[in-house]
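In what follows, structures are represented as structure tokens.
In what follows, subunit A forms one complex with subunit B and a second complex with subunit C.
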Partner chain A sequence: MIIKKIAALVSAGRHPVSGEARHCRNDSLAMGIGLALTKKINAISPNAGSTNKTSLRVMHAGNPDNAALKDYLALGAKNIDVIALTAECNIIDSLANELTNTDLILTGSRAENGQDSGLVPYLLAEKLSFSLVANALEVELTPEGLEVLQFLPKGKRRSVIVQLPAVVVIHPLAPVELRHAYAQQVTGNISQHPSLRFTPVMDQDNGLQWQKQSILRKPIKLKARENKSGHARMLSATVSENKGGAVVIDGNSVEKAQVILRYLREHRLINF
Partner chain B sequence: MQMLNYTGFNYSVTALFWLASAALTIGLWRRTQLWRAGQPAAFLWLNLLAIPKRYFVDLHHVVSREPYIARTHVATAGGAVATLALVAVNYGLMMYSAALNWAILSATTIMLGGVFFIWLRRRNAPARLSRGAWSRLPYTLAAFAIGLLIISLPVPIISGSVALLALLLLLAGSAELALGIGLGGPMKHAIAGLLHLAFHPRQERFSGKLSTALKPLMLENGQYGVSKPSDFKWNQLLGFDACVQCGKCEAACPAFAAGQPLNPKKLIQDLVIGLSNDEKSGATDASFAGSPYPGVAVGDHSGSIHAPIIPLLIPAETLWSCTTCRACVQECPMLIEHVDAIVDMRRNLTLTQGSAPGKAPQTLENLRETSTVGGYDRNARYHWAVDLDVKTIQKNSPVDILLVAGEGAFDMRYQRSLRALVKLLKAANLDFAIMGALERDTGDTARRLGDEATFQMLAKQNIETFNSLTFKRIVTADPHVMHSLKNEYPAFGGHYQVLHHTTLLAELVSSGQLKLEKSTETRKLTYHDPCYLGRYNGETEAPRTLLKSIGLQINEMERSGLRGRCCGGGGGAPLTDIPGKQRIPDIRIQDARSIDAELVAVACPQCTSMLEGVVGKRPDVLDIAELLASALDQNVEPAR
Partner chain C sequence: MIENNAKRINPRRAYEIMENGVKRIVLGATSDFIAHEAALQHGTSKPLRTPKQAKTRILVVAHSDRGTLDDHAKQCLAAAAILADANTAVVALVLGELHEDLTNTGADEVLVIAELDYVAFQPESELFCVKAVVETLQPSHIFMPDNLIGDGDLGRRLIASQPEKLAATHVIELNLGHIANYQLGGTVLALTNLPFIVLLAPETADTNLPFAASALKLDQALAHPVKDKVAIANYTSLGIQTIAAAKIALEEADFIVSAGNGVNNVQTFQTLATALDATIGASRVAVDDGKFARDKQIGATGKTVSSSTYFAIGISGAVQHLQGIKDCRHVIAINRDHSAAIVKRANLSLIGDAEEIMQALITAIAEAKLATQEAA
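This part shows the complex of A and B:
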């Protein structure tokens, strides 16, 4: 199986606490997998001419001046191709237009900003008629095709082979070590892609017309307050000891319920 | 016949002298070529004139902490220098005067005496001393001295065999002195050491000032720290070459004691290997005859002047084990700057590879994205003060004192110390304000971890904030904050008067503005000096004065004051968390236990959390502010 053109799509992230522009970690993982895969393929055939080399293209659709992009440079992107779009524009058409000849498109699962719908890879795959694999943890090139290790709940994993061209959506828990190096940020380059001759269309379902409201308070788990000192907590975390509590096996359901009720009352978790 | 023999003999000493001088000159020239492979640094010939004062005052100040070796060294080196000078005149200039021979005789006797005591100590050498070539030194020096002694004897005992013996001894001794220097033998320390005193990278050290601030990197010029030995400044390389392998740094190093893979002496020696080999010779550390990096075998580290240092010459874990406590610098008789070297190499790893281990990358990311170490909301930094009725500083409303809480403000334990401090400041009726959401981390941790880019970003943002506010002094309870603001921000244009809370409180107590009762505390108390307060800022007295002022007696631990032992919390070491045999705070608490202390007074949030993190039965840990606040006069209501 030959793979020539890999693309990693990166979005502009936003720190959940400070609101500071930053890389979207999940997209960085996708880019990291792309960087590692490219390096590995090129290492197998080191004598391939520069035209035959596998290349990774890091792409962003949005504001080329977004401060978040420099994080991707620091994380190893030599160059970021930006399709300059404003927030109202539909990015799928623009991206699809740019990525038609790509063998493999790597993306994160969900952006941290904007519509945050997680649908971009699906819409893109549909538009380009590419296969799509979601929840990917590892990506390996084999003679049969691209072998993708998928995340399943409860620690299960599944390995699938996908034919190219494909969109592979990387899972947030993919085991990629990200290394942020300032020197790479300085040498890296952000370029607006020149070959763009495509008029972006306005998104019908414009996210900016949505109403925003702050999240509702989450339900609080009832938990007995610990009155232990910090030192005692440290002790119980480091020294194995009986953490207290009782296991009730005997008695009927009413009696067992009484035990729970008593516990809740004792710790003032309910007041009736 | 006798006469002729004698003259011939004198001639051969003269020949030997000039031969040795030539060898020394050539060797010295070779050595300087090695140093010159480093980067340019300010150079002033005039500095050579400063050597005697720096030698007799600054260097001796360190050496004299160990009187035995100080006296021995004075005798040996003094004797040797006098002897050499006299030989140069009497034999070099062919005077052959009997009177000068008498002088040579007495000088060599003094030298021989010194050598004898060196030899005596070598027989029972402490583990920190290197052996190998250094064990040879007493013998070659003795050979030199005895050879000259015989020659200068007034009685003509110069019969053939004795004369030959004397000449051979002298030859052996001169080889050590003349050839040894050029070939990198132990005696190179004399020349490199003296030149290092002249061209030391921190000249301020010799004007009685503390010089502890790291030097800024010119990031815009592509300076990303040190990757190969030739990336060091030439005078840093010269400094490494001055090392006498006395191992005082090793004995003081908390990381070494904890069994982490760091030994500052070995680190310097590895750099010497790196600086003295060209590309072709892959020389190794096989001949290093001292303690290794704990857990790392000696013999397979190699490097050369233009080859990357990490990982072949020095393992990365070695660098990441350092707490930047400066105990090594404090102890080094050759005034070598280990911490600068370590941070220089860390800078390269962080800035070009982003390879800081453990939780360090997450921390650096937090600092970039939230301006806090822990990734907290900056608006939450002063939540502990909501009920204390403290002013938050506003633009255009001046205050006397700006209280900067630092990262400790997010820690529930340390908030108690901060609350105590606020109570005290109120009791003293001070006009102060907290910084509120305007405060960003000083970037201290980023800087120690080598992330100069993030540090400079934060420094510039903070300076901009400070400059928009009006205050007279900054007070902080965090010595790391203090060090950054006071010592490191000036390089970026931020000049502030910064005080540690203990300094301010001591001032208030002595002026009577803060009135304290005697403390009711009866437990046996000791005080732990934070490295960044003591060694970095020279403040060891104010905390002690304060404790005494409330009637507490301080039982000093074995290592205290400027020579205090680190708690393990500095330099980002808890983040990189390099495994060792034990943890540094455990060692420090053991110091307290061994004097039966029941209470450790501290003055730093890092020390508080490191020492309180020690499990098992241990002394209580209280900040000085907490101890003082409990001694506040309860009858006086603080003015609102």
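This part shows the complex of A and C:
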């Protein structure tokens, strides 16, 4: 399997307390994986000409003057391509326009500076008809395709081979070591490539209208309204709920051990 | 003595409680107060919410894990059942096997597609199947848990595949009027109207429902199109690997064996943990005694865990410790004191000497494993 063009999509993050612009950790992990993958592929065939080399393109759609982009330079991006967009522009259409010939798109799982819905990679994959794998921890190129190690909860991992072109969404727990280097930040370059300057596609007004509130208000849990009689209400207020499960006091330790095993088997917590 | 002709009313005359909770006297019935009270306290008769002729439906899609729906999925079902009006039925579409009864979770109709287990990665078939079911049932809303076992992924694929439908993810608050989620990196709470597809965060709804549901199995034919369509494959699933329990971080572990002051022999305890393939945890006392490393501590000053099984050995269950295990599904406790706080929290408590029971359990596990091997 040959892979020529890799793109890492990065977004502007913000510090959760101060609100200061900074890199979005999820996206820098994706960029880190992209950098490592590019390096690895190019190391296998060091004599390939510059045209045959695998390249990583770090892309951002938004404000090119955002201070957060400097962080990505410091974290290893040599050049960041920016599609200058204002808030009204449709990110998906603009990005899709630029990324049609890409083999692999890497992104983080959730942004820190918009609706944070985690939908961008999905919309992009749908628009470009790419395959998509989410919650990726490790990415490796194999002859059959791209092998992705997926995160599953409870200490489980799943390996998936995905056909290119693909969008891979990186999970926040991906084992990537990020190194911040000031020298790279100074030498790195943020460019609005001329070809990127096209008329932005205006967002169609089909989304939801969001009304913003302070986070000081705690979310209210949805509870069923109970139509209890006065007597039942009084009972539930005075009689404490019968808490706790089965208690085994009698029997010797062998019998008690059997009780535990039976419980574990009954709830399918063990497989023997 | 004054003759009193006023008719006396038996203050304990028989009554029944109507569906709306109003008490009605049963005229002419003989009083049977005590029997009635007993029935009331058992609470066996929750009224049935399921509509006879459903006009609309709310679809809840969730993956099952080992034949059961997890709490997160049940919260979605509960949310749907609470929001549903008298003519709306809640349909549970379970991807993966289902071995449990969903009558108390609010599901009026249940459709199980066992082939679409989350263990295999098959987003195309899942999406195709869910779309087919949506096409047939025409639900007014779709609720899904926003989790990592496939529902969050599937939900987003569903949203992306039909951009004209309104949708919201990471929803942390919902009711009939609005939904809310955190935006701008968690710095604002954003509210909007209830959209078509809702991906719910955990703990958004209370699973205690005052009504029951019929949980009728829907015709499996609804799920049939999935079998013809499995051939398309941009993805090959290479199967699941489980990380050795000893290497998993406590926060992520699924089976934790935890030691407290009642464990004197750490060697036995570790043998038991290995036999059960469980991650090791400890209470503060055990850590302070130097029996375990600080990073094994569970509780308010240590780690908060959310394993499906938590096996507390010789732990009395101080409030600080119980805080750390509040998300655990099955708590099993071994303790010498039957009035310890952990006994109230545990699903199964065994009163006795920890060392003896641990030894017996190690032997029992070895026997059970041997028997399984021979059978296989």
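By our rule, the second predicted complex is superposed on the first by the 207 of 272 C-alpha atoms of A that agree within 3 Å, B and C clash if a C-alpha of one lies under 4 Å from a C-alpha of the other, contacts with A are read in each partner's own complex, and residues count from 1 in each chain.
Criterion: contacts are C-beta pairs under 8 Å (C-beta built on N, C-alpha and C of every residue); 3 or more make two chains touch, one makes a residue touch a chain.
These numbers were taken from a predicted model, which means no experiment stands behind them.
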May I ask you to name which of subunit B and subunit C touches more residues of subunit A? C
Using the touch definition from the top, say if A:A74 reaches subunit B (first), subunit C (second), both or neither. first
If we overlay the two complexes on their shared chain A, which of subunit B and subunit C does A:V133 touch? Say first, second, both or neither. second
Which of the two partners, first being subunit B and second being subunit C, lies in contact with A:Y122: first, second, both, or neither? second
If we overlay the two complexes on their shared chain A, which of subunit B and subunit C does A:G145 touch? Say first, second, both or neither. second
Once chain A of both complexes is superposed, is A:F272 in touch with subunit B (first), subunit C (second), both, or neither? second
Between subunit B and subunit C, whom does A:L235 touch in the aligned arrangement: first, second, both, or neither? both
Taking the superposition as given, does A:S18 touch the first partner, subunit B, the second, subunit C, both, or neither? first
After superposition on the shared chain, which partner residues are touched by A:S159: those of subunit B (first), subunit C (second), both, or neither? second
Of the partners subunit B and subunit C, which touch A:S45 in the superposed model: first, second, both, neither? neither
Under the contact rule defined above, give the subunit A residues that sit at the interface with subunit B and also at the interface with subunit C. 231, 235
Counting only contacts in the complex, subunit A reaches subunit C at residues 13-14, 16, 19, 111-119, 122-123, 125-126, 131-135, 144-145, 147, 150-163, 166, 206-215, 217, 219-229, 231-232, 235, 243-249, 252-254, 256-261, 263-264, 267-272
Footprint of subunit A on subunit C - complex, ascending: 17, 19-23, 40-41, 66-68, 78-79, 81-83, 99, 118-119, 121, 123, 147-149, 152-153, 156-157, 159-161, 163-164, 166, 168-170, 172-175, 180-193, 195, 203-206, 208-211, 234-243, 245, 248, 252-255, 276, 279, 307-309, 330, 332, 334, 338, 343-353, 356-357, 359-361, 363-365, 368-369, 371-372
Given the complex, residues on subunit B that touch subunit A span 219, 222, 224, 350-355, 361, 364-365, 368-371, 375-378, 412-413, 451-454, 612-613, 615
Going by the contact rule at the top, pick out the subunit A residues touching subunit B in the complex. 15, 17-18, 20, 22, 74-75, 178-186, 230-231, 234-235, 238-239
